[in-house]
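Structures for review follow.
In the two complexes below, subunit A is the common chain; its partner is subunit B in one and subunit C in the other.
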Partner chain A sequence: MSNEFSVLGRGVVRKDAVEKVRGEAKYIPDIQLPKMLHAKFLRSPHAHAKITSIDTSKAEKLPGVKCVLTHNNVPRVHPLRKFEYLLDETVHYPGEEVAAVVALTAEIAEEALRLIEVKYEVLPAVFEVEEAMKPDAPLVHPEYGTNIYHGTELVRIPRLTEDGWLRLEVGDVDKGFAEADYILDRVYETPIQHNCSPIPRAVICEWTGEKLTCWADTQTPLFLWRDLADSLGIPQSNVRIISNCAAGGYGGKTPEKTATLTAIMAKRTRRPVKTSYSRAEDFIGTHRRISFKNHNKIGVKRDGTITAIDSKIIANWGRDTFAQYMVQATALLACTMLYRYHNSKAETCGVMTNIIGYGPMNGFGGPEAIYSIEKLIDEAAEKIEMDPVEFRLENCMRYGDRAMEFEQVVYGPIKWGILGPDLNSFPELIQKCAEKAQWKEKWKGWRTPVAANGPKRKGIGVAIGMHHCSFWPSSAIVKMNQDGTANVLSMGVEIGQGYSTAIAQVVAETLGIRYEDVNPITSDTGVAPAAVGNVASSGTSSLINSARLAAEDARRKLFELAAPRLNATVDAMEARNGKIYIKGTDRMIPIGSICLTHWQITGTSNNPPVESIRDEKTGQVIHAYSAAVTIAEVEVDIETGMVDVVRITSGHDCGRAINPIIVENQIDLGLAMSKGWVCTERFVVDGKTGVMLNPNLLDYKLITFLDMPQSEDIGRIIVERPSAWGPFGAKGMSETSMTAFAPAIANSIYNAIGVRIRYAFISPEAILKAIEKADRG
Partner chain B sequence: MISNGLIVLNVNGVRYELRPRVTATLADVLREELGLTGTKIMCNEGECGACTVLINGRPMLSCMTLAIDAQDKDILTIEGLADPVTGDLHPIQKAFVDHSGMQCGVCTPGMILTAKALLDENPSPSEGDVRSALSGNLCRCGNYRRITECVLSAAEMLKAGGKNE
Partner chain C sequence: MTINLTDAREIEEAFSWLNKFWNKPTQPIFYDAKSMEEALSLLDDYKEEAKIIAGGVDVIGLMKNKIISPRMLVNIKNIPHLDYISETSDVLDIGALTRIQDIGRSSLISSRYPLLSEVAQSVGSPQIKNMGTIGGNLCQEVRCWYYRRSPITGISYNCRRKNEDGICYAMNGENENHAIIGEGECVAVCPSDMASALLALDAKINTSNPRGERVIPIGKFYTTFGNILESNEIITGIHIPKAHSYTKQRYLKFRVRKVIDFSIVSVAVVITLNNHLIWNVKIALGGVSPMPYEAVKAEEVLKGELLTETIAEKAAEASISDAMPLSKNGYKVPIVKALVKRALLE
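For the complex of A and B:
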């Protein structure tokens, strides 16, 4: 790791460490305000029903109840321009909000829910995409006329075809298939996963005069800020979102209508109102990872050339989402950009059903696409009897290959460019991982496990993955304090990923002051300038980059003030150790002594607009991409179907590791969440009712200590290929870390048991069934 | 019980006389009545270990313990772990700080208290001992490897005579 820096690249103590070990870190449920009321929601037991009558009179009479909301007494607005209303007379999935009660205590509110009398007219419902796409299928939103989403008046998706498909095409796919020696045609599925945040959804709203303060557990304060103002019909200046108390969202802590409804209850009662979901409500009433049915076709030559690839992805949206088609755009990019295919086609459509809607979750469509692509690539390598590591080395993307912008997939026009040097890391990552995992020694060839011992089969498998790091508009302010320390104001959110630590490291490095002397004040819309928030891996590449630029602005102002006092020009100065030096001399002035006499030193910046960010060599505007490679080793018991992931070797290119310890922790997060996604976290939806059957942490199994490999068996390789535009070359890596683990585990299970599992979930049961089916021939 | 539902709880060395609802859990009372919100609620149904406190030195799920059942027992929450006089961190807390034992931090108090119970009983645990003792505590951020490292490092610190520093 490079060491030209004083703070960067070091595993400094996290900014939030001490408060978290002392139990002083406050999350929304921990906040108590004077006279605060508590809200609870009544949810639909039906997947699709019309409310024919709703009687709240008994609930309203219960002592302690302050206010009851139903579709009859809330504004008819679309929160987040979604395909839904705050409360609707029709419910579209089991768990949809029907009414809300606010009372002195949560217990009274819950009791009141039981007193609300609702009569439903049950409507036909549909849960599977194949069924929902049939012409005579029940319609999730009858007024919309089809279950295939093709945009609404509220959200237009320019590149969507009239019948609701999003396509990306390069070269001539038919010609490519004609040139192939073999064509493989496969169908894969990816499972639903729930974000399962450690703190279930919670929000507090309080009105003071015309001003609303909202303590929100969100990773996108900006979206919530706008949504609350729009939904309530008030200016943004009257709304303040404070989310410095957010807990692990993994993408999912994005706005829901809960905050708006809570704000309405707080306004009607003129008291602060807290909504705090139970674990079960969080499962059934929020959102979950999208699930795909992928129809993938690949053409391959005997020499290892991929001649064409065709991917068709049908997504089960559930009732609706707010990230319309952005998730699937990410999936299409992953389908067309992981390897240097000259002929590729990828298309996708979103199908609405009467199950819970999907929302963003770690990887945002990328892992779902890559999970299938990387299984297909493995099958293609097997078809031509080529080592899967070699096959990937041969075909992976490199500098100079065709690439494109993420947003273009949705908004167009499509402009293919050349991949910059910052995604040139696949060959290096693959080689380093193979070496560290001793691939050559362990790989015994196709259809041969690494080892067999009684019922235990050892297998090894490889996969690669990538993710884009968005360049979204963002800004930051660096405010110098009188003693030469600094506050950085950012709308980014510390949600566990280490944002406040990383932003402080970058600002300290830029200003030449101590890391300890930078105070990140994050996620408060009343204080921080606008930025999108911590989504789409933009935290590092966009938000922290704007903080770096703001720190440079503050530094320039410090230099200007120091110039007359040092009798030197600005160009001759440098900042380090809390002082401004004339370069190459020991003549200096402490930053604190400048700040003591000039109280208003403030640096500001906007992240440069995307069009101004170009790869120097090619001149192309391409987003940053970060890359990951995993080699997984498993031991499968073919009598019980149990899978033990015994060893993981994982390589990541994050441009520059601002804090290598945090990067490693995020790699572990990717591993745990990936293994959970495909092996243990089964989200069981009843096929007849659409109800989620296991909304608790006993039956929905998160990965535990014992499911992770031993410490010495997790090998991590960090490669730093600086991006041309991230702060000090850094790129986001947390979502990328979600891309390669799951397919590597799946491929290693195949190597162990000799049967491909192409459907969604690799449970012990699925393994036993697959083995049994193969045995029967 | 003294009378009229009045109970005594000894929390972090302080004696409290309280009159909780009969159905109130220890977690409810700690968080809502005593303001000790360092005890986190992740599931509130005994599945995740986040609300772990030490009762007479043993790790217990405070969301599954009725407050009235904790009567007269010694309860240690995360707020009571640091040195009561100087406020200095306990060596386990110190290890979690130094080795980045947390990401979102919700599971952290429960992890630290479960680790304390382990190290009180077994001052020289193996990695396997740590993994198995803590396996009832879920970390959605998957920070298990780092947490194991923290606990092993705390064990070394404690053996070397490390006190609160």
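For the complex of A and C:
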């Protein structure tokens, strides 16, 4: 890092470190309000059933019980524009809420649940997409008439075709396949994963008069704000969401109807109410990563040209979702953009089943698509006997290639722009990773392991990945304090990823004040201006960018006020060390003295529209994407099927590393989450009942530190090519970080054992099965 | 958090209401037994409605998931003289309250009974090793996800293990972790690796009950439905014949993660050589059966033979020749074979 910055590019002490280490940070379960009550939910044991009767009289008689909710006494609204109601007389998956009890203690509420008598008429249910797509399949929502989602009165998906498919097409794939020397046609699957936050979801609601305050563990306070106001039928001015200490959501801490139900209970009892999920409830009663069945077809020429690619993705939605088709839009872009295909087509449909619904999770469709694409690309490179690193280097996306905003895939109209010069990072990353991983020395050719020692086979493999880091509307306020320090008001959420640290670094750098003198006031809808929240890796590229603009606005105001006092023009000034200087001189005035005499100086901002960011050379609109490369080395025990990831080299492109330590943390997270996703975190759904069988952290196997490679065996490469937008050229990289790990692990396993595993999950069982099948020929 | 008086009174009322309604206290009585006599007499009074608690690692989980709801919890952790590791001329004695951590760290055990040391070190996590006792480890309930499912989630399985009329849901369900050998009424596996290690070491379990004491060979301690302890019986110690100086011991555990997880398969081998020939051998398998399983056929293959790769492979094959895998756990068979072979040769 050059010395051009004073705060940027440094691994400063995180803003939230001390309070979290000391236990002073207040997560939702830590908050205790006077007279607070506790809520618990009764859940359906059935995958699909109609409630024929529900008797709550005994529960209501239990002393300490203050309110019981069932479908009979809650408003009939669709939270988050989903199919579901707050509480419904039909349940659609095992785990759906049937009733809620609020009581003086959580124990009493839980005891009360046992006193509620429910009679069900069990209805036919379906769990697998193939079954659900058959014409005579049981319907998840019988009134809807089909299991293939095509929108509702509340949710319009303009680009969806009548048969329920969402498509994205470039060039002519038929022509492309006709030009190919080889065509490969493969089916892959991706597994379900659960977000598994360190703290299960929790919410507290309290009414004061007509005003509702909601302490929520969410990464999208704006969405929750809108949804609470809509569902309760009250103006947003009467709702305040505070989410300033959320706990790792990995995409999943999005609004739940739980907040609305909790608000209703708080209103009926006129006391604050807390809902705090158990680990098991968090597993079975929220949502999970989408799962795909990918049918991929690729055409290649002997010279390494990809002539066409065609991807067909069928997604298992489970009972419902609020992110209708957005995840698949990301997947379609990943399928059509990752390489420089001239002819590409991708299509997808969402199929509803009677298992838990899906929601956003780190990567949002990208890793799911790329896990399959990158295995296919490897197979194609093998077909033409080309080195897989070289094949990717030749074909990977870069500056000037087509790009667009992912929402357009759903909402249209499709307006292709391009990838900016920053995306020339891709070939650079591939080369740097190959060098650091000693690819040339280790790669012994296709179907040849790096080394063999008894039953242990060492393999090496590569994969690349990408993700959009959206440039979204966002605002921020920089409020100068009277001593020259600053508060920055932002709707972004500190959810453990380092948001409050990065925003403070950017604001301090822009204002020329100390990092310690910036106080981020985050995610309080009572004070923070509108922004989407921390989704789609946009926290840095969109939200912190608006903070930079607000800081620039404040700085401009400071300069204007300083100008007459320094007897200079605004252009001649610069801010550093907490002072405003006339450039190149010692003449200065402390920012604090301007702030004290001018009472309140406030900078505000709105991000400029996407279309305004154009490439200097071509004049075309630039879209923000970031790139990732992983080379994995594994050791596979071919007698037991055990896979050990022994070494990882991973390169990431983030435009500008505002805080390099946080960037490295995100790389490690991507590795841990990817390895868990495809190797250990099996989400076990009972084939007969649709029940998730392992809702605990013993049976659902999050990987531990010991299951990661040693830290010195993780090579983390950061390439900084500033993008045309984002604060100081920074882009989002957290979701990108997840995209390349899983396929690189899969491809290195192939190199080790010589058998491709196209199943979703690389368990010892899957490895043994694949080896056995290969041995049988 | 301060609770106002009205609420406090109402909370009390709630629990007395519940006790009356269910005709049973919602919370068990926790009794701190000071002596073995006191503990046994309480167990005798409450019979099936009492549970023993020492480290609490397993019993608390079962209570939280409402798999058991005892009226009485008898804490035996403060009974003196049950926490020891001692070796006499012909036997190693371990007190029932000896923590897994202490077994894993004992230099006596690591030098003379490395098998036990390896097992102890592989148990759960440091927290669990610090709390759990060897007696508790042997008495653990199975980890079957149907059996353990908490009704608090709205879903529970009144399975064969809980109820004679119940069915085994794993038998034709998600049985990847379940038994590949056994009678089949309940296919959950014994979760205790300590049990397989003790089986390989020919250990005996000493118990106390109001009528006196019993010595139970570890091979007779378990049935398909759990251990054979009476409701008024407490393990007091483990008795292990002194290891022969020509004895080699090996323990291998296969699991998905390197810590925390229970075994998918584990193998404990104790082998005594005489003039390079196998004079005596014990092979115990964990994770394959409702009880720790002695691979007798493999032992027969080995006895009197020279320990070579060929004979080890033959023994590995024989070790699991009685396996009848369920729909989703056939993968355990090759893993057992690999582990047996390695345990013999490594």
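In the analysis below, the second predicted complex is superposed on the first by the 776 of 777 C-alpha atoms of A that agree within 3 Å, B and C clash if a C-alpha of one lies under 4 Å from a C-alpha of the other, contacts with A are read in each partner's own complex, and residues count from 1 in each chain.
Here is the rule we go by: contacts are C-beta pairs under 8 Å (C-beta built on N, C-alpha and C of every residue); 3 or more make two chains touch, one makes a residue touch a chain.
Just so it is clear, the structure is predicted and the values come from calculations on it, not from any experiment.
Chemist: Looking at the overlay, what does A:111 touch: subunit B (first), subunit C (second), both, or neither?
Modeler: Second partner only.
Chemist: Looking at the overlay, what does A:497 touch: subunit B (first), subunit C (second), both, or neither?
Modeler: Touch partner of A:497: subunit B, not subunit C.
Chemist: Mind working out whether A:385 is in touch with subunit B, subunit C, both or neither, as first, second, both or neither?
Modeler: It touches nothing on subunit B or subunit C.
Chemist: Which holds for A:278: it touches subunit B only (first), subunit C only (second), both, or neither?
Modeler: A:278 sits against subunit B and subunit C alike.
Chemist: Identify the partner contact of A:704: answer first if only subunit B is touched, second if only subunit C is, both if each is, neither if none is.
Modeler: In the superposition, A:704 contacts both subunit B and subunit C.
Chemist: Name the contact category of A:32: first (subunit B only), second (subunit C only), both, or neither.
Modeler: In the superposition, A:32 touches subunit B and subunit C alike.
Chemist: Touching A:435 in the superposition: subunit B (first), subunit C (second), both, neither?
Modeler: Neither partner.
Chemist: Just to be sure I read the superposition right, which of the two partners does A:714 touch: subunit B = first, subunit C = second, or both, or neither?
Modeler: The first partner, subunit B, only.
Chemist: Just checking: does A:686 make contact with subunit B only, subunit C only, both, or neither of them? Give me first, second, both or neither.
Modeler: Second partner only.
Chemist: After overlaying the two complexes on chain A, where does the subunit B footprint on subunit A coincide with the subunit C footprint?
Modeler: Shared contact residues on subunit A (touching subunit B in one complex, subunit C in the other): 32, 278, 698, 703-704, 706.
Chemist: Where on subunit C does subunit A make contact in their complex?
Modeler: Contact set of subunit C toward subunit A: 1, 3-4, 7, 10-11, 13-14, 17-18, 21, 26, 143, 145-146, 149-156, 172-174, 176, 254, 256-262, 264, 328, 331, 334-335, 337-339.
Chemist: Considering only the defined contacts, which subunit B positions touch subunit A in the complex?
Modeler: Residues of subunit B touching subunit A: 31-32, 35-45, 47-48, 50, 77-79, 82, 89, 93, 96-109, 112, 127, 130-132, 134-149.
Chemist: Touching residues of subunit A toward subunit C in the complex: what are they?
Modeler: Answer in residue numbers: 32, 35, 42-45, 58, 61-65, 94-95, 98, 103-105, 107-108, 110-111, 113-115, 278, 280-281, 284, 455, 637, 639-642, 679-680, 684, 686-688, 691, 693-695, 698-699, 701, 703-704, 706-707, 763-765, 768-769.
Chemist: Provide the residue numbers of subunit A that touch subunit B in the complex, in ascending order.
Modeler: Within the complex, subunit A touches subunit B at residues 11, 13-14, 16-27, 29-30, 32, 196-199, 247-248, 250, 278-279, 495-498, 661-662, 664-666, 668-673, 696-698, 702-706, 708, 710-711, 714.
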